[in-house]
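Order of writing sets the chain letters: A, B and C. Residues in each chain are counted from 1.
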Amino acid sequence: MGLLTISPSPHDHSSESVPKLMYGVIIALLPAFLASVYFFGISTVIITVTAMVSCVIFEFLIQRYLMKEKPAISNGSAMVTGMLLAFCLPTNLPIWLVILGSFVAISVGKMSFGGLGNNPFNPALVGRVFLFISFPVQLTSWPEPGVNHFAYLDASTGATPLSIMKEGLKNRESISHILLDIPFYQDMFMGNMGGSAGEIAAAALLIGFAYLLIRKIITWHIPVSILLTVTIFTGIMWLIGPTSNPNPLFHLLSGGLMLGAIFMATDYVTSPMNIKGMWIYGVGIGIITVVIRIFGAYPEGVQFAILIMNAVTPIINKYVKPRRFGEEVSNG
Amino acid sequence: MSPIVLYTIISLSATGIAAAIILFIIAQRFKVIEDPITDLVEEALPGANCGGCGYAGCRNFAEACVKSDKLTKLFCPPGGNETMLEVATILGKEAVEKDPLVAVVRCSGSFAHRARVNQYDGAASCAIASSLYAGDTGCQYGCLSHGDCVRVCEFDAIHMNPETGLPEVVDEKCTACNACVEACPKDIIELRKKNKRDRKIFVSCINQDKGGIAKKSCSVACIGCGKCEKVCPHDAITIENFLAYIDPVKCKLCRKCVPECPTDAILEINFPPKKQKEEETKPDNNGETKVEPVETDKLGEESKSE
Amino acid sequence: MFKTFRPGGIHPSENKLTAGSTIEELPVPEQVSIPLNQHIGAAPKVLVERGDQVKVGQLIARGEGFISANIHSSVSGKVLKIAAVVDMSGYKRNAISIKVDGDEWVEEIDRSPELITEIALERQEIVQKINQSGIVGMGGATFPSHVKLSLPRGMKVKYLIVNGAECEPYLTSDHILMMEKADQILVGATIIMKALDVEKAFIGIENNKPDAIDHMSDRAQHYPGIEIQGLRVKYPQGGEKQLIKALINREVPSGGLPIDVGAVVFNVGTLFATYQAIQKNKPLFERVVTSTGKNLEKPGNFMVRIGTPISALIEACGGLPENTGKIISGGTMMGKALNSLEVPVIKGTSGLLVLPEAESRRKEMQHCIRCSKCITVCPMGLEPYLLMAFGERELFERMEEEKATDCMECGSCNYICPANRHLLDYIRLGKVEINKIRRLRKN
């Protein structure tokens, strides 16, 4: 028998660990990945693997040689960042851009703040927004779904429902007319539409959401508050002007809303820590998203909305506190 | 020049001027009138914001110096007498001289001297460990080796020796700011009078157990035998709760007590080497004197043998 | 319908290995060391001297001041010394060591097994008797019971809440007591109800002990005003405030006491001791201790004399396993790691747990990923991640603002943290420092 160990209580620990949570997120992303492979073929695999591998390599190099600490790449957080980054890129994006995006995501978005746990912004979104602003042309030409499964760069390009809608409304076409160019709702739900790699299939993303909830990796509050806000806000707009505004269902199924609400906004590090705060954050993202989509210059606003609310998160954490036990006593 | 460039220059300049005016007005409006002498006093201080004076920072201390009539109760330990003299001349007040002090670690229970009987596994903090239990060894007074003292030192003057598991003070850097003394949950660190050439003699133990128990848990514990007390010509040594204490003010550094100690609990540091010591020990040589060189060397040897 | 508390809570592995084993009388050891600091409050004054002969149940130290408790000898024999021994605190503190010689009990103690349900004493006499018998909260907090019964003027108690939840993993001492001494516990509850002048008592039992719920409900029919309530398993249901929330849906205000919502909480073990004190004239000098561990040969529940070294308990379970890494007084969640086998059993020792080396070390700490699981599980609605950050930076005043003192150290945050952070360590440190700051403020 060795020496007796002395440590403060508790003397038991749950089986929870950071790698387990991270790999859980990756598993939850797999349905969306498979759906994307189904519609875009080999190109999805190329950009996803590229992004994941380069994120891991960049994180390793930065931790090893710049920060001079023990690399913690095995915790899987870099892989999640890579996967999420790839999921919000068009699948026909050149590899060097994917690598550049990964570099910005890891170096600027994450490691410059001190690594996992310290970054104020979602790293994948930092990478994505960097690419989007620097290379708008490449980032806004999406491949047509289900056309050629073995084409990568030379795939024929199309548009997303959101950009079709924005373009149409700009040209003062009527909603019913624009909708003719847009896939049916059931197609949108299943993912048969133009868009970034992982954002197209709402059904697959919802399966991932269910998995996250069952594994208790996230709580339902942030995704539900975002989706609910978008539904209500766009619903009001739709009721006010049904001819100039698409209905809420269109907004829910199009663009990166599902991906953003379920996987991006719920990033542990950059989202508020308690339930009240999560509601504020979710409602904020919902409102900003709709404002950008309806009134802004860009057809899509989820990533900007999330980044803006990321910036607000520290303030929410500071001023919105969980209800303390025995605080407002209503005993009677 | 194209008009766009011109407009840009004009509008930017206008904005800049407007901002400057607003800033100027605000700066005037909300100006805090302060005695400029406070700045002078603050400049004279070391600027470490260590808190050794009892104030939150150097600025607060400077303000206190300016406000108070006498400087009797105010002292900047890192700056010492020199700084206080400077402050006094700036303010035209009288400075109070204090003996310079230095932090001393009163535990020699290195890994080699104190057998471990438990192992701690929790947050690396002496404060937390000490609230949990007495320590990894049989001695409940000794150093816990988690380095709270090292973390609080603003002057890089105390370091943990990984071989002994004990903190070591760098005398030249120590400013006697008292931070480590307060941080130590076991009250092991003491501020003692700084002597010439950083010489010091002290009982490096605070174990208040009875001799047998103390000796069992640590081979260099003070067992309270009283031999040192008897030999001291200056009445500087007192024994209380089976523990000897050398009064730093009364002690004349005669070194008579050092060879008397049966457990080598009394340390002499920064004294000239063996030669003089041998002469000193010869008179009362009982034929079996195992003369130890300066304590610091000894510690090194024993830890090597571990 | 099973009730439970909100918010927070966790579900650690229960490991109730000894749920089925009956209470076994542990042989009286050769020597006992009875610590003086067995309860919250002032140390009692020693009444015996070295060399004195004492009997079982004899008063050997008298409580000093209001919050203190009497201590009785648990054995008969000769007082060896009054000296410092290592106790639960991990420090050496004063204890009375007695060399055992025979087993002679004080005559007044009624050692017959029959049940006495008639309560002869009046309210004041009950409180006095409980005080004399040295009864303290036996769930682990060791708060002197007579203090709880001496209500401040104007305070009215509505409910007696009895804690039979035993939410702590591994421990089964309360469970087995409810199975074997149900009537005694119920009489004890009736006594306390009389002392507090309340009509209603709830006994909360978690539903991982269906046999105890059935048995107690069956017996409780004979005792008016006592209701058995099953509780959905969730740690820390046995916490005073959580139990009140679960049973009568009231929240004890921050910094307040159960009495503020008209409740007084007693543990079933304490009620059994109360029964023995009032009806059998037997002061508190022995208790049921669960001695358990996956690697122990025969874990079990034992009736142990106070002051018995834990080594005797481990011996009775078949000796210390080769791979022992940690010995805990209590359960895995709130138990205290012991640094010696000679630590004596005290009034608050509900269990002894031997963990193998593989389970005794913490996992490596990582950066906080802000997953907010600690907030979700905190039963007091605190933010452990934030408190730890303040604790590390020694911002104790900020910790106070964030209600660190509400923390009851249940350890749920530490348990759930995926980054294995030492959350509770720093919160505990903060609580100590905040109390220091508060004392300074008062002066």
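Miscellaneous remarks
One rule holds for everything that comes next: a residue touches a chain if its C-beta (ideal position, glycine included) is under 8 Å from a C-beta of that chain, and two chains touch if they have at least 3 such contacts.
As the structure is a computational prediction, the values presented were derived from the model and not from experiment.
Set side by side, the interfaces B-C and A-B show unequal numbers of C-beta pairs in contact, with more at B-C.
In this assembly, A is the chain whose CA centroid lies farthest from the centroid of chain B.
Nearest to the overall CA centre, using the mean of each chain's CA atoms, is chain C.
Work out the mean CA point of chain A and of chain C, and you get 49 Å between them. Centroids built from CA atoms put chain C at 42 Å from chain B.
Per-chain Cα centroids separate chain A from chain B by 53 Å.
In chain A, the residues touching two or more other chains are 2, 4-8.
Counting partner chains per residue, chain B has residues 117-118, 121-123, 128, 132-133 touching two or more of them. Residue positions of chain C touching 2 or more other chains, listed in rising order: 90, 336-337, 339, 360-362, 422, 425, 428. The part of chain A that touches chain B in the complex is made up of residues 2-8. Residues 86, 89-92, 336-337, 339-340, 360-362, 422, 425-426, 428-429, 432 of chain C touch chain B in their complex. Partner chain C is touched in their complex by these residues of chain B: 117-118, 121-123, 125, 127-128, 131-134, 140, 209.
Chain contact summary for the complex, chain C toward chain A: residues 7, 10, 12-13, 90, 169, 241, 245, 250-254, 256, 261, 320, 322-328, 330, 332-339, 353, 355, 357, 359-363, 366-373, 375-376, 378-383, 385-386, 402-403, 406, 409, 411, 414-420, 422, 424-425, 428.
Per the touch definition, chain A reaches chain C in the complex via residues 1-2, 4-14, 16-18, 20-21, 72, 75, 77, 115-118, 219, 268-269, 271-274, 321-327, 329, 331.
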